[in-house]
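What follows are several structures.
In the two complexes below, subunit A is the common chain; its partner is subunit B in one and subunit C in the other.
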Partner chain A sequence: MSLFWEDYNWDDVQPVFEDNSSGKLAAIAYSDEYKKAMGYLRAVMGAGEHSERALALTKQIIADNAAHYSVWDYRLDIVKNIGNDVFDYRKVGLVKSHAPTIGEDGEWLNELTLDTPKNYQIWNYRQHLEIKDCPEYYNGEVVAVKFILEDDPKNFHAWSHLKWTVSSSLKNCSAPLLLEPLLEYTNQLIQEDVFNNSAWSFRYFLYQTWPVLKSAETLDKEILFVEEKIAMDPMNESPWPYLKAVCNEFSPNALSTLRSVAIKFPDNARALEAVAETSPAEEQAAYCQKLCELENFRANYWRYKFKC
Partner chain B sequence: MTAHLRMSGLYWGLTALHMLGAPDALDREAVIEFVLSCLDSNGGFAAHPKHDPHVLYTLSAVQILFLCDALDRIDKDKTASFVLSLRREGGEFVGDKYGEVDTRFIYTAIQCLCILGKLDLINDTVDKTVKFLADCQNYDGGFGLTPGAESHAAQIFTVVAPLDILGRLDSIDGDAASHWLSERQLPEGGLNGRPEKLPDVCYSWWVLSPLAMLGHLNWIDGLKLRGFILSAQDDETGGLADRKGDEPDVFHTIFGLAGLSLLGYENLEPIDPTFCLPLALTKKLDWPGKSKRKPFST
Partner chain C sequence: MLETRTLREQRETEDLCVPLLEQEDNPELFVFFRDKHVKFLRGMLGNLSSGFISLDASRPWMVFWAVNGLALMGVDTSELRGEIEATLLKCQHPDGGFGGGFGQPAHLACTYASIMALAHTSPAAWSKIDRKKLCEWLLTLKQPDGSFKMCLHGETDPRATYCALSVASILKIMDKKLTENVATYIKTCQTYEGGFGNQPLAEAHGGYAFCALATLHLIPDLNIAETIDLPGFISWLVARQQHVVPGFSGRINKLVDGCYGHWVGGCWALVESIDEGITELWDRDGLQSYNLMCCQADRGGLRDKPGCGPDSYHTNYVLCGLAACQYAYSNPGKWQPTAQCTPSVLPLHPVYGLPLTTANRADGWT
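This part shows the complex of A and B:
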């Protein structure tokens, strides 16, 4: 089923066109093709029609304007009603599943996600296709996200969707996603680009979800991992708050653990700030002075923080 | 294909004109007529006539009518009840009937109810709303779209502004958020939205406005930022782009101007950091956090 919308018979439909005459304050120049498709969309949407031809039509509108939120809502309505009759539901996501679910054109959806990864609607739509207690759905979403991140490793929507997928699988699936492969994925991304803040943020999310750092041995390994990454560029903004959070959350001696790493990177504002934070109050003024010299445009912040 | 944000475009343009001291540059009656033509029978507004109503455009419509002193042209109770229909049990808001929950919609709904004078309608869930917003604060001090989502400057605005309206800024670590925001300034002066991203003029607003609400506008170097914003102005059309040399548009123009206004430059009319509306007009409004406001100026 991959017919173009105009390949269907529309003789029984009276398209509804907008009065977009010139001289209006917000008149818009649309292509004739888009106007025509919109005319038919208004008609079938108004009539609440759930049909194959309406599905094909929504594809056209989405191709022209993926941010048109009403058309996504309409497509979801149709898919929930007749999706299983039209599409092989096992193709939702990138994997096959055998759980009863909502039929959608998975290949089309994945291609569109790749083409317009910054569109809010598309990710929300994918979440509405959730198949509870179906491991393949969640694995499929992880695969889809990895495809997007291959092109754009900091895509905010894809990362948010990945977090949603992890949380939902833990909540709704008896065979949820596992920590190890996800952690390994962040190893890989941080290895490729140590400045990838999204990957750092996701790694922290994983440790909040699976509190394995409560084990002293795992914690030591993690601190070492961060230290190695800081050494690659001590001015990198991402690992420092990560390190502080890991220490605060999981280390029984948070301040001394943080300090033990920070003192290894002298003459650097981020490390110096951490050293200052873990020093007695009477020593902080001297550090503050040094920080103001290193990063003068943030002097107001340093003075506020260290009360000097 | 810009119909889906036409209403917001009009709000951005009109607010920019207010800052430039030309509030009457657009035909007031034509503006009001366009807004009313997007009103749905359920009290919500769409981006364009015959589109579905959405909370984002409902806020833009209400802001425009407020700017035009024409809120008496709509049934405020009905519009407020549309906004309320998007509330979930946990005090969060969605954007439309299938929509996702995130901080953008909480901000939009709360500002909308505030301008309509109907904030008391959410009294029963306000504590839950505040908790949801506070739960979006991350280990680095910033906020994401939902709890656990990566910190992003625009999302800090959408958390701090509703908390400021509700008078509940004390429920978050404002100093940690401000520190993360101050780190958005790059040595050349511009602000980015996340670590290691390029600077963009629109972040002049998303970063500065929460800093203003939290009382730490002076944690960034205003003069350096001013230089960055002005370098993005197009010589021919006068509009602002995301950065020097790119095409200008109304989105970057309003938020670049709003940043300059907050910093007190170029003799612009002062802008309200919480509402992104002229301060002279928001003075007329009343809201729980009004008496707790910190001084904005640098």
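This part shows the complex of A and C:
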């Protein structure tokens, strides 16, 4: 790291150090290098300097601490101002021939994304580097997300970023992402782990974005899909709210569609709950009784919900 | 036989937790080890090793979690006041709000943590918060759809609205411009599962659920039951607690984690206050068992689950979770607590996340 300081001239900068004579609660024993880097960062950040050396400095600090929102925010300002002069525009990233970013070192950013998947500054940062009307950008983001989800299939930030990528491509790109491959991706993940609720949530997002379930034929196919997944384990919590939402949103006979699936799984609390919900009030007491037997630890809730 | 990653991880967690939960009848083990946790949090306020460098932009949080946790355990923190004040005022930005450390730009999460930590100090320290600048800065983060950005280039989500409105409320700088459209925005974050996510059409998540609901409580004169799908929300909340390991999970088909005792468990007080008919729809004793039998680390401090190390974050929020199961509240707004058992901790202000006495004291400061 010490070599770094020789790459640029810092003589004109007066570093700003924290006064540690008081206010020492939870003080971290920083390395001398980190302390020095933060001292210079405060100085150039405070002065609003947009330079190559400042850009290099942010990279040094991020290497030690990728969760530093301040540094990411500052880096973004610099990149937006001078990034294109420093980096090759549309530089090819680590993620196979994709993920170009305006003014940023795509290779470095991708590597960092893969190294620190739980970090959420990075996803937000990537969104700020959007290249509108560049299909490679959106495809590249999908590839990056898939990389992360391979190791961590419920990573909240990665899923959130994927939803953002889809919406933005539809809004800002004349060759946007397509429904079919994304739907196929949820098929694959749900097939691998039918309890992956993030994949279910993404599937619902897709159908909200592309309302293809308005067609009766597609809707029937989807209901069948859910039914098959419920059959794998009827106690799985994920498909039930999904099914209810799909019925409510797209089925002209929401209650009877839901009920027709639920009655196929007798003596199961999740199914019975759906049956009870779709029954006339006077029949609910009997179902409530049964639910209290099946899930006694939720008896208060069942009695509250079905008013019995 | 169906076998997936979720089932395997769930089974592994049950295998770790069930033997501990079964020892609940042993009065030597079903104990809150207060002194150990006090020692742990005191240590977290001292000098931290270079391994904590990733928390360099979270200094106010480190102070808040530890001080708040100590206070919840009834520790007199008054001798810490001077240092709390000095540490946090270094994080106050000249243009309003607080950053993650000295010389860092302001951020809403750090601002929440700083101000809630300063609520543990004195009216003199409180008066050093630049409210005018803070209010101006909050307005720069406000978006037309009612949401707030976390910081200049930051993301928008219900955490940001919660942080913005809770500090505005406790500092009495709340105004119409801050609350405008917020309820409409929060409503758009409710998902088909019934909980709340970080954005419209997201997956429901305990952290955002708490922030969403607490935000609604901070908007004056709002009819919450008419704003959101309350039955849907309750259904999601109920399902976050399972029978075998009765802590809370943060999402559907995710593992139990001690901190959700607050983020999800803490929603119950907020929901119960909306409608008198909603009472005891969850297993208080179960959450207490999970927190006491599975979340106490041997060397002190509280944790996510057995096998995880303790940290300040989990210590504070497991303690908040204990308050959630050990007290019921009446009179929303004033939050009158009634202990449901012999409590381990002091009652919590269900919206601010401060000990109730601390919140009420700060409420009296001008």
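Keep this in mind: the second predicted complex is superposed on the first by the 280 of 308 C-alpha atoms of A that agree within 3 Å, B and C clash if a C-alpha of one lies under 4 Å from a C-alpha of the other, contacts with A are read in each partner's own complex, and residues count from 1 in each chain.
FYI, a residue touches a chain if its C-beta (ideal position, glycine included) is under 8 Å from a C-beta of that chain, and two chains touch if they have at least 3 such contacts.
Owing to the predicted nature of the structure, the values given are computational and were not obtained by experimental measurement.
On the shared subunit subunit A, the superposed partners subunit B and subunit C overlap sterically.
Using the contact criterion defined above for the overlaid structures, shared-chain residue A:E293 touches neither subunit B nor subunit C, since it reaches no partner.
In the overlay built on the shared chain, the residue A:W159 is in contact with subunit B and with subunit C. Contact with both subunit B and subunit C is seen for A:Y204 once the two complexes are overlaid on the shared chain.
With both structures placed on the common chain, the touch criterion links A:M232 to subunit C but leaves subunit B unconnected. Comparing subunit B with subunit C, the partner in contact with more residues of subunit A is C. Contacts of A:E18 after superposition on the shared chain: both subunit B and subunit C are touched. In the overlay built on the shared chain, the residue A:E107 is in contact with neither subunit B nor subunit C. Of the residues of subunit A, those at positions 18, 24-26, 28, 30, 34, 42, 64-65, 67-70, 72-73, 76, 120, 124, 128, 154, 156, 159-160, 163-164, 195-198, 201-202, 204-205, 208, 237-238, 241-242, 244-245, 297-298, 300-301, 304-305 touch subunit B in one of the two structures and subunit C in the other.
Listed in rising order, the residues of subunit A touching subunit C in the complex are 16, 18-19, 22-31, 34, 38, 42, 45-46, 64-74, 76-77, 120, 124, 128, 153-154, 156, 159-160, 163-164, 192-198, 201-202, 204-205, 208, 232-233, 236-238, 241-242, 244-245, 295, 297-298, 300-301, 304-305. Across the complex, subunit A is touched by residues 1-6, 10, 26-27, 30-31, 33-34, 48-52, 54, 95-100, 138-141, 144-146, 148-152, 175, 178-180, 182-183, 185, 187, 194-197, 216, 218-221, 224 of subunit B.
Subunit A contributes residues 18, 24-26, 28, 30, 34, 42, 64-65, 67-70, 72-73, 76, 120, 123-124, 127-128, 154, 156, 159-160, 163-164, 167, 195-198, 201-202, 204-205, 208, 237-238, 241-242, 244-245, 249, 297-298, 300-301, 304-305 to its touches with subunit B in the complex. Across the complex, subunit A is touched by residues 2, 4-7, 44-50, 52-59, 62-63, 66, 80, 82-90, 99-105, 107, 150-155, 191-194, 197-199, 201-205, 231, 234-236, 238-239, 243, 246, 251-254, 277-278, 280-283, 286 of subunit C.
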